[in-house]
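Both complexes shown next keep chain A, but they swap its partner, so chain B is in the first and chain C is in the second.
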Partner chain A sequence: MANAPERFDAVFLPDGVSKISYEHPMNDPSTAVFRIEREDHTIGNLLRMQLLRDKNVIFAGYRQPHPLQHHIELRVKVKQPSSLSEESPVTALIEAITDLDQELNLLQDRFQFAVGRAQAAQSETG
Partner chain B sequence: MEEHYSGRAQPGPETFESTGNDLREYIVYREAPGASPCAPIKQPPSYQFKPINWKTRKVDRQNLTVYFSLSRTEASTRLKAATRGQAMPNARFPTLELSECTDESLKFVLSRTDASVANALRRVMIAEVPTIAIDLVNISFNSSPLHDEFIAHRLGMIPLVSDKAADMNYTRDCECEDFCDLCAVVFQMDVEGQVEGTTVTSQHLQNVWFDPDTYPRASTVEPVHWSCGAEHPDPALDASASGIIIAKLKAGQRIKLEAIARKGIGKEHAKWSPVATVSYKSEPVVSLRLDELNNRLEVAQRQELLKWSDGALKWDARTNKLEYDDAFKYGRTALSNDFVRKCGEMLVQVGSHPSEVILLNNDPSRFEFFVESTGAISAPVVVVNAISVLRNKLQELQTSLRAETLDRVEHGLY
Partner chain C sequence: MENGPSAAPGRRELPEHLERTRRHIEIGATRPSNVEARHAHDAYAALGVTNALDLAAFERELRVVVRSNTHDELVFEMQGIDAPLANAFRRIMLAETPTMAVEHATFVDNTSIIHDEILAHRLGLIPIMADPREFDYHSPGEPFSEHNSIKMVLDVECKVRADAVPDAPASQRFENASVYSRQIEWIPIGAQGDRYADNPIRPVHDDILIAQLVPGQRIHVEMVCIKGTGHMHAKWSPVATAYYQLMPVVEIRADSGSRIVGAHAQQLQKLCPGNVFDIESVPGSGLAVATVARPQSCTMCRECIRDKPWADQIRLSRVRNHFIFSIESTGALPAYQIFLQALEIMVAKCTEVKKKLEAASRGLPSSSSAAARTAQGASRTGTASASIGAPLSTIDEDDDLTNPNRS
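Up next, the complex of A and B:
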């Protein structure tokens, strides 16, 4: 087992590695390829589908380059190449994350409320 | 009723924590009008949190950045209003109906969202909700028929009560040298076979740190001998009394070991997965390409089809064409099997393939979930923890993306 990869490699972010980094291929500010460390299809597909709801996003796709490399690449292209303070792949991703976080926040509240009500009903009958 | 909260650089989860029945709703304004949420703002933007007065509501669309609801009953209508106001044009507002809820299993329907969200939830429940499981076994004596690795593996598979897993550290992050009661739990076991034969079970595992005063977290961790509340009708198979079988010993055989349990997630090893199963299925939704249908079928056929539609379709007398009924558009009625069969037959008659007109599951937005816990964490808590894990991931990603962008600005990459 000397050359077996460590089990926690898929999970543990090593020191000095940033969770997310990106570059603009061909110096095109309207396109960015994000490299997200220690994540997989869970986050990749979630972000991709949310980004595709954005009207300014004309391409969003992700891939896991290799099953033993624990990062994903997310490629985003937006309509208008412009200064960073306006629409850019980075703002698109930030807003996609905000939207998803709010969606999950709402879901969390609704779930906890539903469970609370179900448990109250059970304790009344039982 | 005007309540103001101090500014905050980024809406963190702690600001939004509700106690479940909190009816207040907030609207979040960014202080600088029209400011971009992107990082290269040298000073972090501040936010104001205001309870919404829906009667006198005036949405300042330019400054409105984040909308969310802490309400329940009226939330959905209000959320609709907010989406019409383009508060968050790309956000979804999922709804949830719980149909079965016990500690062991859950059934619920998640609707108005995307398969990517449903799948992310499923994957996180299986692979990324932390629990505690036996990870290291020191065997000091083993004359049982099972070899050491076999026993160690079987011990790892035993679910341990992991209610306190969220408060414990991963051993690799812990400040201790080797392991301690903040990141591990130690069990001991010493069983010798009796003349009549002895079954070694999870009941024989003794928590060394059982004292709740000294070890408030570690003391709560114990094997889940039997996750189901009901007893098995066959007493020989009833694990509620006996526990989970590890090995069987003959007279004189002995197992003596020390097992160290640690916190982990299912992605590292399946023994840390808190669920036996999580599945979802999307409701089969049938829809039609009405223009194609009206083109390909004769008037008489269309009229015949109308009878089969159970009110999901209606007749436009002006154009002699089929249309969706309003009830169908709002999802209150559906197209039946019989309709689909009849429609398919007619299409074949006119030389078309049914799939050119009848669409199945074009855009699933309703997901029936089934969650079954191993007993390590109760099923409702698995779901809550899964959502938290997912949210933490997203927030971490956003924070480091902002930091990364600031870094680039400082290094003149823009």
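Up next, the complex of A and C:
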């Protein structure tokens, strides 16, 4: 077991490594590949879906390069920036996460309400 | 793209047959079809219909209904979300929601027939009744404290009872012939004794069989529980299972020519294991017609459409955005709390990624270690990199972000 990877290595971000970084392949400012550390399909697939719903995004895809590499690569291409829009892959991702955050807040409210109502009904019936 | 006069921007209605493909997954006798969901904003652009995210519509269509709620199991319906979101919840509940579990077992004595390693594994899998939110993660090398660990001892020895009847079964002749989880004793560290006086830390279940002994055998093991997640080892998973299914839909075509009547209706009702169908008589005609009475009991076994003369008259499908979640807790946390925690963990993930990204796009070096610890998955202290063995880079990774053109 001497060369077994540490269990926590898959979960905890080592010091000095940034959670998210990105680069523009082929020097194309409308495309970015984000590298998100210590995340997997849970977030990857979710962000991909959220990005595809964005009108300015023309491509979104993700991959985990290897099961023993604990990061995902998220590739995003947006419409070519025009004088009217300041859209970039970074703003698209920030917006996607903001939308997701709002959905989650709403979901949390609804869920707590539903559970509260179920508990109230339970205590009434006995 | 928006070429017709009816192509109002933001219009969301599709022609009926396309709306059906958007809403339903069809279940055929041999295979499911129309499985892929269409997430792209321009999936229906040719029809002038937008598929883009609309938060107002999301709010309108989102429905959460609890079906049953006990401490150990929660069943609830969530309508209006997409599969990636539902799957993210499931994965976070299974693998990323923390609990406490035995991680270190020190054997003082073990003369039982169970090997140390096997026994240690069994002890690890015992659910511990302790609120993980009140504990910190323990980093390797860090001393165990009242804030990051729980100490427990199991010390049992099997003896012949003084009043034993010679031919009685072993369980009556011997003391401690079976070792149960209730014999694990919690040793409070520091102020833990006062803090958890009302709800002492203990195994969730009293009657988990750990080992069986014969007279003269003894198990004496000291244990340390720490906080962890299912990602590292399944023993830290707070759920026995967490799964979802899509809402089943069973339809019998309504037009009179294709109703299922008479002997066929009888056969259909009989063969369905889920007892989905009823038989109703049509007033005046004396006809017995099969009707769908309990569609939610359908398990999609497809018995009703497999090589049957009426197969064309029945249509089975699932609603793509209607999830029935089942969460079975191991007992350490109430089932509904596990889902709430999963939500919080997801919000924390979003916040962390967003904050770092905003800092990076402004070209500011973000203080990686400070912000990382605010997030759930990274709330460990100390220098993890030293113990992991990764060389401390002299280049601040965040600097790279200020140069978007690096390759």
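Heads up, the rule we're going with is that the second predicted complex is superposed on the first by the 122 of 126 C-alpha atoms of A that agree within 3 Å, B and C clash if a C-alpha of one lies under 4 Å from a C-alpha of the other, contacts with A are read in each partner's own complex, and residues count from 1 in each chain.
Definition applied: a residue touches a chain if its C-beta (ideal position, glycine included) is under 8 Å from a C-beta of that chain, and two chains touch if they have at least 3 such contacts.
Computed from a predicted model, the values in this text were never measured in an experiment.
Superposition of the two complexes onto chain A shows a clash between chain B and chain C.
Touch criterion met: A:Leu100 reaches chain B and chain C at once.
Once chain A of one complex is fitted onto chain A of the other, the partner contacts of A:Arg7 extend to both chain B and chain C.
When the two complexes are overlaid on their common chain A, residue A:Asn27 makes contact with chain C while staying clear of chain B.
Using the contact criterion defined above for the overlaid structures, shared-chain residue A:Gln50 touches chain B and also reaches chain C.
Judged by the touch definition given at the top, the superposed model places A:Glu73 against neither chain B nor chain C. Residue contacts after overlaying the shared chain place A:Asp15 against chain C, while chain B stays out of touching range.
When the two complexes are superposed via chain A, 97-105 is the only one of 7-15, 97-105, 295-303 or 349-357 in chain B with C-alpha atoms clashing against chain C. In the three-chain superposition model, chain A touches both chain B and chain C at residues 7-8, 10-12, 18-22, 34, 36, 39, 41-43, 45-46, 48-50, 53-55, 88, 90-91, 93-94, 97-108, 110-115, 117-119, 122. Residue ranges on chain B touching chain A, taken from their complex, read 13, 16, 18, 20-21, 36-40, 65-70, 72, 75, 79, 88-98, 101, 108, 110, 113-117, 119-120, 123-124, 127-128, 172, 265, 267-269, 380, 383-384, 387-388, 390-391, 393-398, 400-405, 409, 414.
In the complex of the two chains, the chain A residues touching chain B come out as 7-8, 10-12, 18-22, 34, 36, 39, 41-43, 45-46, 48-50, 53-55, 84-86, 88, 90-91, 93-119, 122. Residues of chain C that touch chain A in their complex: 39-42, 50-53, 55, 58-59, 62-66, 68-69, 74, 76, 78, 81-82, 84-85, 87-88, 91-92, 95-96, 137, 140, 228-229, 231-233, 336, 339-340, 343, 346-347, 349-354, 356-358, 360-361, 366, 368-369, 371-372, 377-378, 380, 383-385, 388, 390, 392-393, 396-398, 400-401, 404-407. Looking at the complex, you find that chain A touches chain C at residues 6-25, 27, 29, 32, 34, 36, 38-43, 45-46, 48-50, 52-55, 57, 88, 90-91, 93-94, 97-108, 110-115, 117-119, 122.
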